[in-house]
Each structure stands twice: as C-alpha cells, then as structure tokens.
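Each of the next two complexes has subunit A plus one more chain, namely subunit B in the first and subunit C in the second.
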Partner chain A sequence: MMHTDVVIGLEVHVELDTMTKLFCSCPTKGSESPNTRCCDVCLGMPGSKPVLNSKALEYALRLCLALKCNVSKELVFSRKSYFYPDMAKNYQISQYELPLGAKGSLTLGAKAVNIKRVHMEEDPAALTHPSGMHTSSFVLVDYNRSGNPLVEVVTEPDLASPEEAREFMKKLITILSYLGIFDVKQGIIKADANVSIKAGNYQRVEVKNITGFKDIERALQHEVERQKREVKEGKKIMAETRSWDSDVGITRSLRLKETEEEYGYIFDPDLVLIDITPEMIAKIQSSMPELAEQRVVRYINEWKIAPIDAEVIASDKLLSDIFEHVASHVDKPYAAKWIRRELIRVLNYQGKEMPQNPIRAEELIMLITLLQQKKITENTGQKIMELLMEGPFNIVEYVRKNNLEAVSDTGVLERLCREAIAEHPAAVEDFRSGSDKSLNFLVGKVMAKSKGKASPKEVNEIIKKLVR
Partner chain B sequence: MISDFVKSVQQGKIDPVHHIRSALEEVKNINQQFHYCTTIPEQSALAESKEAKTGRLAGVAVSVKDCICVKDIESTAGSAILKGYHPVMDATAVQRLKDEGAIIIAKTAQDEFGFGSFAVNVGIGMEIPKNPVDPERACGGSSGGSAGLTRKVSFPHVSLAESTGGSIVCPASFCGVYGLCPTYGVVSRYGLMDYANSLDKIGPMATSVDDLKLVMDIIGHMDPRDSTCTGPQHAKVIQKPRIGLLKSSFAQGVDPKVQSAVREFVEKLKRSGFSVSEVELPLTEKYGISCYYLISMCEASTNLAKFCGMRYGAHEPLDGNFNEYFSKVRSKYFNEESKRRIIIGTFARMAGYRDAYYLKAMRVRTKIIEEYKKIFTSVDILLSPTMPILPPRFADIGNLSPLQQYMMDIMTVGPNLAGLPHLNIPAGSVEGLPVGMLLIADHYQEQTLLACAKVLE
Partner chain C sequence: MEINEELVRKVASLARLNLTDEEVKKFTPQLKDILNAFSHLDRVNTDNTDPSFQPIPIRNNTRHDEPHASLSQEIALKNAHHTKDGYIKGPRAV
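And then the complex of A and B:
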C-alpha cells in the first residue's frame, strides 16, 4: 500500500457506553466532581483485583462483528507496563498478542480500509494542569475516568489523505452509534495517527491525542505539511511521537518513538481466560441492530426513498432515528426529502450537529402532515422549521393564529387569478407570445394577493388554464 | 484446640475481653525478643473482643501476614515503601474470619513482599523474626512471623499466611507447626498484596490438624471480587491414599538426619496400611526453579510498579519530574531483594528476551502441571521432607551450598507452580530443632491431605 504520496494509519480509542467501568462496578457517568466515582480498583490500591464487566465484552464483540473481524476464540488481557502519573498501577490492562478481533475492514465508498485489530483496554485517569499544559508546575489527577472501558481500533496504513482519515472516523462513529455502544453526545473518541509521506521515504511519525473526527483532518493536514517542509529544508524525518495541540493547531515532539515490544507485556494473571464460544457470537450476531448500510437498502427498496435522501439520512444515526419515527406517520419519500433538505439546512445555518438538534419528531410529523395536505405552503413550512430551532410549539395553533393556512380553495384562487389577469393585460399578452417571465410575474402578483398562502404551483396551473 | 476454646467462650466460661487482653500482653512480650509482629493493633483487638461471643472463632486470637489487608490496620507487606498505609478494605479471607468472631491481634513479619525463604529479607528499618526454638536461627520464610508466633504463643491461635513458592510450608517446617497451602484459587486473593498473582495463595497455620481444617472451612469459598477464585470443588476424599515418596528428596543434598526423621513417619504410614512407592518428577526437578523465578519475577516487577510514593505509603518532598520523583521513592524504600527482582523481572519480559524467558517459562509451567497430573494417576499423595536442612543459624545462611539452596527451593516450588495443595506436618525434631514433612495432593484434595495428616497426628 506504499504507493500513495501520503500514508496514514489510525489507532482509534473509543469509550464504550457501559453503565459501569471495565473492571469494577463504579459508574462511568454521574458526578463530575473529581475523584468521587472511584474505588480501590480504580485507584490501584494494594490488594484490589479487577473483575471483568461482561457488558463491555459484549459491546466490543458487536464492534468486531460490524467490522467483519475474525474474532479470537478466547479473551486474554495483558499488562502494558510504563510509568506515568495518570496510571493507577503503572501498568494498563490491555490486550497484546491475542486481540479480541483481527483482520476486519470498513468500507469507505469504493474503498475498503483494512482493520488490523480491535482490542479492549482500560482508560487511565485524567490529568489536570491547573495553569496550562506547558506552564503548570504541578498536575492534579482525577480518577473518575480511571478504568472506563475502551476499545482500540487499529487500521492498516490504508488511508491516503487527511480527508480520508476524517471520512473513516465519521463512518466509524456512525457504526458505533448504530451499534448502541457509544454515547454520541458525551462519549470520547480519540485517535493516534501514524503519518508518513513519500518524500520522507515513508518514515513514520506518530501523532497522539487527536479528539473527534473534525480535528483529525486538521491535525493530519498540519503534520503532512510539516513533514513536507522538513524534507524541503533538507532535514530528515525522525521516527518520533508528536502530540497534537488542538488549541494552537500544531504538533510538538514528545519523544523518540518506542515500539510495542518495549512495554514488557505479560498476561494479566488476575484475570481468567474467557472462552468466546460460537454460541456467544451467534447470540450477539442475532441481536445486532440494523446498521446504516442496511437502512439505506431498506429505505430505497421498501420505502421508495430517493437514494440521495436515503444515504444522507442513514449516515447519521440520530437523524435516521428521528426520520424512522416521522416516516411511520406520514408519506415516507416526502418526509425523507423534507428532513434531508430542510432539517439539515436549519441545523447547518445555526452551526449545530444532530446531537444538539432541538426539533422533535412530534413537531416534524405535524409540520410534514400540514405540508402534505397542502394546508400550508412549502414557503411557510421552511419558516416554521426555522422557528422550531428555538424550541417546540403547537404548529396548528401557530398557523391558525397567524392566518397562515394555504389558500387551496380553487374558487378563491381562481378569483385572485382573474383579478391579476385583468389588472395586467400587457403581461398576459407577453405570456401568450411565449414569455415564461411574464407567467412568473403574474404568479407573483397572485401570491402577493394571497399573502404567500397560495401554492405557486397551483396558481401557475390556474393562470395557464385561464389565459389559454 | 480451638473448638473447645470457642465452646467455652460461647457458654460464657471465658471472657473474650480478658482473654484478648492477656493474649496481647503475651504477644508484646514475645515480640520484644522474637520480632514476629510488624503491628499489634491493641485498641481494635480489645474493641472487637467485646463483641466476640458468637461464631466458629468466637474470641479466637488470629494473626495475619503483613501482606494481607486488614482494614484500618497498618499493612505493609513487610516493606518500608508501604509504611503508614492503612488499607481501605479487609481481605476477603480476613473478613470471613472476623465474621466468625476472630480477633486480629497482629500483623506478622515476612520477607519484603514475600521475596525470600528465611524471613531475613525484611523491609528497611524492620526487624528479622527469630526461630522460636533457637533465636540464633532463622524461622524460615517468607511467612516467618506467622509460623514463629503460632509456635510460640500459649493461647489458642491460628495465623493467616501466604505462599507464592513455598512461603507457608517452609517456615511451618522450621518452626514446627502445621501449615496448609491450598489449591490455587480455593481462597480468595482479594485484599492480598500481590507478589506473583498466578502463584499467590492464602492459607492457614496452626498447631493442630483440626484447627487447620476449621480455618480452611471458613476461608475457602468462592468470591466474586477475585476472578481467579473458584472456591473448593468438593473433590471426593480419598480414604486410603497411595503414597509416593519423591526419590530425589531422600538423596544427596538433603540432611540425612532430616531424611531419617521423615522416614520414621513413612514407616508409621506403612504400618497403618498405606501403600508406599517411590516416584520421580524429572521435568519439574530440571526446570521448576528457573520456571518459577521467571514467572514470579515477571509478575512481581509489574505488581511493584504501583508503589511510587504517589497514592499511598512512603512519600518524599515533591521535586523533579515524575520519573525522578518515582525513582527517588523507589530507590529509597525498596530493599535490595525487591530491587533485584524488579530488575530481573523487567529484563525477562522486555523486547528480545520475552520469548526466550517469559513466554518459554509459561509453556514449561504447563508441562510441569501435566507431569504432576500424570503422576497423580498412580499415587494420591507425594511425600518428602519439607526442607532439606534444619533451621539454619543466621550466620550460616550465606554459607549454604548451591545444592542445599537448590534443594530448599525445589521441594516447595513444584506444587506452588502447579497450584497443588500441600501441607507441612511437624515430624519430630533433630537436636531439638523441628523437622517438617511435606504432603502434596492433586488439585482440590485439601481434605485428603488433612485426613492423612490426622492419621499421623
């Protein structure tokens, strides 16, 4: 795979959305006050012993199956040893030579990104630098995070650009949220990236600590540019580990790169080997939720939804879930079009993502029903969608109060059209001689008379009929 | 016997408060000369004695090896690096004893983190426990304090000890008491400060078989807080077990006086109708020790990483970066033996050596277990002297021949590596010094061992 100009491999750490930690029963969520959600196990107290949270294993297996991995026949944990103040035991319980999943893949459009391994591990504690990362003379440790369950997804160096890395992360998040194993709103997803460029003889540099899928593109663009600049200045690319500083937008050298073998892994003798039986896998396989790709197929084939609408909606689990709810009450293709175009438009306008979307399915059902029954015009519908961003309200009431019902009574519309024709004889003449512009002018006049409550399409039809 | 004492307490004939008060006085007196205790928690012991009227151990004085956590009582695993550490929890085994009315009267001395066979590798600034029969001699290790105290006290008492490679039966032999190291996993390790997790086992020491059995019945149960804990698997007790004498332990390198003392007991067994044959464990004898030290040191070097002066135990004024600070604390408070094992254990799992040492040792261990499993198809109990020598004078420890040192380890390391239950039975004395006999059985055959010991008692 070493023929592209840029070669990127990712190690993505995903926080699994379990109620309790990986090796004890402390809650993963709750009090944010430091060191209030920890016990002897999270703190690495002498005598404490880890006990596996089986829910975390189930979640990790779901991911292995979704990524089409070969699943190991047994679960084996290892100790990864290194000294660091965020490590309660100065070793991390992780997996080494026998990862839970191996040799999987994730499809990005026409390309398959190979997954080298998927393994489980515990999160270290969080370090707080009270006056900034590089200036603080001391650091505080918060063990609330210590022991949270993580899965690490390691790709082969198959990604050819920062954009592709971003797409990969985005797709992975979609899969995680469909699997119901990751909290899209609060969960943390972090990546370390191995980056090399052709001009640097593909010397690998590791960039650590990139949070979220938006930052990955920025961090990698920066690193690729840095490497190009180094080569241009005649410098050699060093095998090193660099840390991404998101606030400043640069990477900094941390240390010369160490290899995995230098962590002195041993099997964790406190944890027993757990058989992963075919029955266990079959059970998880049968309870696997529908994934994005399967939804797209169902939307197109069964619900007759336009492919573009299906793709966009299914690529976001939250959006897709709202759509499913709405679609069960109204015309499906029509709802898909409205949600894909208008809901996303108003969200983008306010710079929001689906997790911050305030519009509920109830309002969307009401709005789309009114539109479909032509009780309001599309124009009015768009305005209501914008207002819904401020919070929910009774749409029917609002339409009535503000007198926004669409004029759909053909008698009334015909009267208004006749008036307009009578008032603008010149435009009528032009239209007769083939000017579409004049037709639009006349439609505009009728729309004004209806105070925007008429459907332009309907008015158009009536004028054509009357003038001919 | 403890059950008689407990009956008297339950019937109100013995006042536990009065009893514990005098027991504490006795322990303090003994400790001045013999140094069996790292901590004597007088206040909590007296407070607990007021409540102790029920349970199978009502009012019984119990000592606990220092590496086993007792809530709110300083527990250091015999190391200066944990000085001042008061555990936040009771070890499950301790909890079970307390639930039966036991009173914790002492934390007992040991080689730091269990690293030794004579209890002389004590923590910096700590005292070496002395043999109860002759204070010029070692009481064996690493659970030396537990064994010495069990032998020395005049009141009913049991001790909770711990073995990784022989740390229960070795000191039990040198001090002349019973010591049972159960099958790996029968007793919960929750609350045990780790030496080598895949080898560590908590077990009792006592002066009678019945007392040993009583404590085992209390502590040997499943515990959801230790993933490796299985509890007893209720194996059928073998009525007339076939005895296999380990040939190499009645040979060169084993003190002939020790051999003949043990042989007397073998004759006694023969007279009682037990069949006795000779057996050999060639693989275990050849590779057992290297395998044991590689695995135990690799595990120990990761276990000891957490002690860095940050969350508990010894601290130093904060300066330098974290690496410098951790190194300062660890250099100052670990003893020589701990440092040696950390360095060797780290080396054996590093890049380039891991396959040749750590992984190979793991594979050899499986072979050793298979060798034992095979031998248990032809005999039920393996028998040998527990220690090849009489308790040595402190001054002579450094002069033991390599063969003697090897024989000291090889007798106990095998069953520990294979996770097999084994028991030291006091087998008389030579020149006034205790001799011990070692019985080893198949996994979960504790009751067979105890029944056999009862015959010899």
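And then the complex of A and C:
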C-alpha cells in the first residue's frame, strides 16, 4: 500500500432509526426523564433474554448492500466484556469474529475507500459526570440509551487527510439518509479514528469521542498537528488512546484501555443464530431506495439539469426531496438553479443547514412560478427568499401589496429608458465610445425609475438598441 | 497459562476490583484449583465435534419493531443501592 504523509482509519457508529431498542421493546424515543425507557433486558437483570429487532437487521443489511459489502450467511452476536457502569450486564452485545458485512467500499470522487467491516451492536448508557469529566468521583447513569441499535462502519486506513475524513463522514450520512435508516435531524453519529503520520513512523494513536461530521475535521487536524509537534520536539509518538474534547478543541490521553484480548469475547449464548438467506438479501436489494448517485444521473439525463446543480442537490437528501416536490410543478432546470443557488445562499447566510430549513415546497413553487412567468424580477425573488427564512407567507399577496410586480411591459420600459438617455447625455456619449461602466450607470438609472421592478437584462438590451 | 499473583492482580484490575495483598495471596491458589478442575475437559478429543454456542438449536427468532411499555422509573431503580435524581450512581471508570 502507498503510504501518504497522514494515514487515517475511521470507526463510525451510527444510531439506526428504529422505534425500539436492539434486543428489547423499549422505545428509542420519547420520555427524556432518566431511566424511564428501560426494562429487565436493557437493565441487564438476571434471567432476562434479549430478542433481536428484525427492523434493525433489515436496516443494517441495507447499509451493507449500499456499501457493497460481502454479507455473512449467519448473524452471530458476541459479548464484549468490560466493567464500566454504562453497561449493566458488564458486557456489550456486539459482533466480533463474524461481522454482518465485510470488504465493502465507499466512493469519494475518484477514490474508493475500503470498508473493512460493518457490524451491529447495542449502544451503552449515557454517563453524566456531575462535577466535570475530569474531577467527578462518581457518575450518574441513564439507561434510556442503553440497548439502542447501532451499526459500526470500520474503514481501512485509506483516508489521507482530515478533510478527506470529513468528506467520508458526509458521504456516509448522505447514504444513510437516502437509505432511510438514520434520522438526519436527531440521530447521533460518532467516530473513533486511528491517526498516524509519516514523521512519527506511522505509530497509531486512537482518538475517541468525535461527534458529527463537522467535528471530525477539527479533531483530526488537531491530532495531526499534535503529532507533528511531538516529532519536532524530538519526542516519540506513543501508542495510546486519546479523547477528543470538543469544547476545548484538544485531545487528551486516556487511561490505558483494554486490549481486544482483554475484552474476552465469547459468542452470546442468549441470542440465537439468524440465517441470512439469499432470498432475504434479494428482497432487501429489490426494495432499496434510490441513492444519491442514481438521482444525479436521473436529474442530468431525464430532467436536463445542469450537472453542478444535480450534484449539489442530490448530495443532500432533504434538499433533494424538496427539489423533487418543487420540480413536479415547475420547470425543472430552472427550479434546480434557484434551489441550488438561492435556497442554499439564504441558509448559509443564517448559518443554517437543511434540517433547520423553514422554507416549504409550497412557497418555492409559488416563488419559482412567479419568476418563470417574469411576474417578478430575480432581484425581488431573492428578497422574497430571504423573507421566507422568517416563516411562510402568501407570496402573491405580498407582491401585490408591496407593488413588486415586475415592469415587463416593453412600452413602459422603453419610455423609462428614453427618459434616462435624455437625462444623462454625457453617459450616453461615453457608452458610444465604448464605456461599459456608463451602460451600467444608465441601466441603474432605469432600475431606480422602475423601483427595482424591471429586469436589468431587459433594460440593458433596450438601452443598447436605443443608443446604437 | 500460569496462575500467579500478577495475573490475579491483572484480572482484578480489569474487573475494577481493589484486592488487598492478603486477598491476592488467598485467591491465587483458589483460582489455580478451579482452573485445574476445568482442565480435565482438555483431555476430551473434540476434533470432530462442532462448537456448540446454544444449548438448544433454535434459529431465526426475532421480534417486530413495536414498542412496549417500559418499567416505571421507580421500579427500574428499585434494586439500585445508590441513586440520585432518577439516575443510578456508579463509580467513575475513565
């Protein structure tokens, strides 16, 4: 394998969007009051028996297929033993020897990131350190989260930079949201990373506790810089586990962690073997939702949408869904251009992402229809888009009340242009001798006369015609 | 595998048990005896025997993704000796 200066491998934990936990019927959502969504199974009471949630298996299989994994013929769970209070049983039910999926890949542009394994496991309980993470003498345990279904995606050390790791996470989230197995608005995605650098002889350091795709680049950049600094100061990189502290923006060395051997994995005798038959896989394969790549192809080939618009829109499931709704009512390429440029612009301006987007398809259809019919100018359209960020309103009424209808009557436009030409003879002369600046000046004057309701493009053409 | 005091201390630390020196001295021969007793099993020839992970051969038992009522907080915490504001108190581990 070719070694790059930075080598990163990721273990990503994704919460599956099921109604109930992995091995019991406690709800995964609902009461936030501590220890109110627990039962004998997820509290690890003696004699309780875990039973697999079939929906969680279906979701995990969807992910295995989307990541082009070889799927195991049998589903086997193992016990990973460790003694922290976040697992009441003193072991976590996970998969070890036989993961559900293996040897897959995820395409990032021209590069294929190899997926080592995809396996299912239960989430541990949430621990609170009442007087701070590093000083508290005891922890408060809430088992509501304990037993929630997770899939863990483990990559080969194929990522060559923190930016690439972020792109990987982003792409994975897109796939998860298209598969309908992850709640983009509320679901939790966490990562542990193995980081090594050439200057440190590729000594691996594990960084744990990175939440969300925005934090991954920050955490890894920090860790790469830290390792470079150590080497520069003549220190040796130690094999260790470090914890990312997002609030402070640093990684800290953790106490020595168990080795794989010390986890003492055994097959879980409480859980029966599940056959994963070719029929099961065929059924899931045939019900796989359309993925982002397929949407891009359809947008470009069937809907004649500009490739850049198609790529950007399809890379976000929520954006793509709202676009599909809008596109069924208006001109598709035109709608794509507006949504890609303007919707994203107003969201960015307010520092929001699609999950917080307040603009509904209904308003977008109305707005884009008015624009297409040239009832309002693009300028007015942009302003309405900004206002829609505050909440929905009746756009047609707003345009009428504020007198924003575009001046599209060529007679009226010509009259305004003639007025501007008559009032600014010097600018007209300059334009005749080749000054584009003067043309823009004249267009500006006409725009002012129309109170911003004329299309600058149209005015531009009329002035050119009248002056020449 | 040799059962010595070092190993006993290591297993105890993984299990987060604080053993006194006397306890280590007391438990080391006991653990040795237990493991020796089980080592009789090593004499059985298992070359042609498949491993058995389940006592009974049930396969493919799953359940539907339908929520059922959980325990009340009061019942859930009933067996815990140390609780605070609806949480179970535990030792810090990290």
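Quick note on the criterion: the second predicted complex is superposed on the first by the 462 of 468 C-alpha atoms of A that agree within 3 Å, B and C clash if a C-alpha of one lies under 4 Å from a C-alpha of the other, contacts with A are read in each partner's own complex, and residues count from 1 in each chain.
Throughout what follows, a residue touches a chain if its C-beta (ideal position, glycine included) is under 8 Å from a C-beta of that chain, and two chains touch if they have at least 3 such contacts.
If you're wondering where the values come from, they're calculated on a predicted model, not measured in any experiment.
For the composite obtained by superposing both complexes on subunit A, the positions of subunit B and subunit C are in clash.
Contact with both subunit B and subunit C is seen for A:F267 once the two complexes are overlaid on the shared chain. By the document's definition of touching, neither partner reaches A:V297: not subunit B, not subunit C. Once the two complexes are overlaid on the shared chain, A:I308 sits clear of subunit B and of subunit C alike. In the superposition on chain A, A:L52 makes contact with both subunit B and subunit C.
Of the two partner chains placed around the shared chain by superposition, subunit B and subunit C are both touched by A:P85.
Applying the stated contact rule after C-alpha superposition, one finds that A:A448 touches neither subunit B nor subunit C. More residues of subunit A lie in touch with C than with the remaining chain of the pair subunit B and subunit C. Of the two partner chains placed by the overlay, neither subunit B nor subunit C lies in contact with A:A112. After overlaying the two complexes on the shared chain, residue contacts for A:L43 are found with subunit B and with subunit C alike.
In the superposed pair of complexes, A:T259 makes contact with subunit B only, with no contact to subunit C.
On subunit A, the surface touched by subunit B in one complex and the surface touched by subunit C in the other have residues 40, 43, 45, 51-52, 83-85, 138, 262, 267, 269, 272 in common. Chain contact summary for the complex, subunit C toward subunit A: residues 14-16, 53-55, 58-68, 70-73, 76-77, 79, 82, 84-94. Put simply, subunit A touches subunit C in their complex at residues 18-20, 25-27, 33-40, 43, 45, 51-57, 76, 82-86, 127-129, 136-143, 243, 254-255, 258, 262, 267, 269, 272-275. Residues of subunit A touching subunit B in their complex: 40, 43-52, 79, 81, 83-85, 88-91, 138, 259, 261-262, 264-272.
Contacts from subunit B toward subunit A in the complex involve residues 68-69, 75, 77, 82, 85, 87-89, 91, 189-194, 196-198, 224-228, 298-299, 301-302, 305-308, 310-312, 318, 322-323, 326, 346, 349-352, 354, 358, 362.
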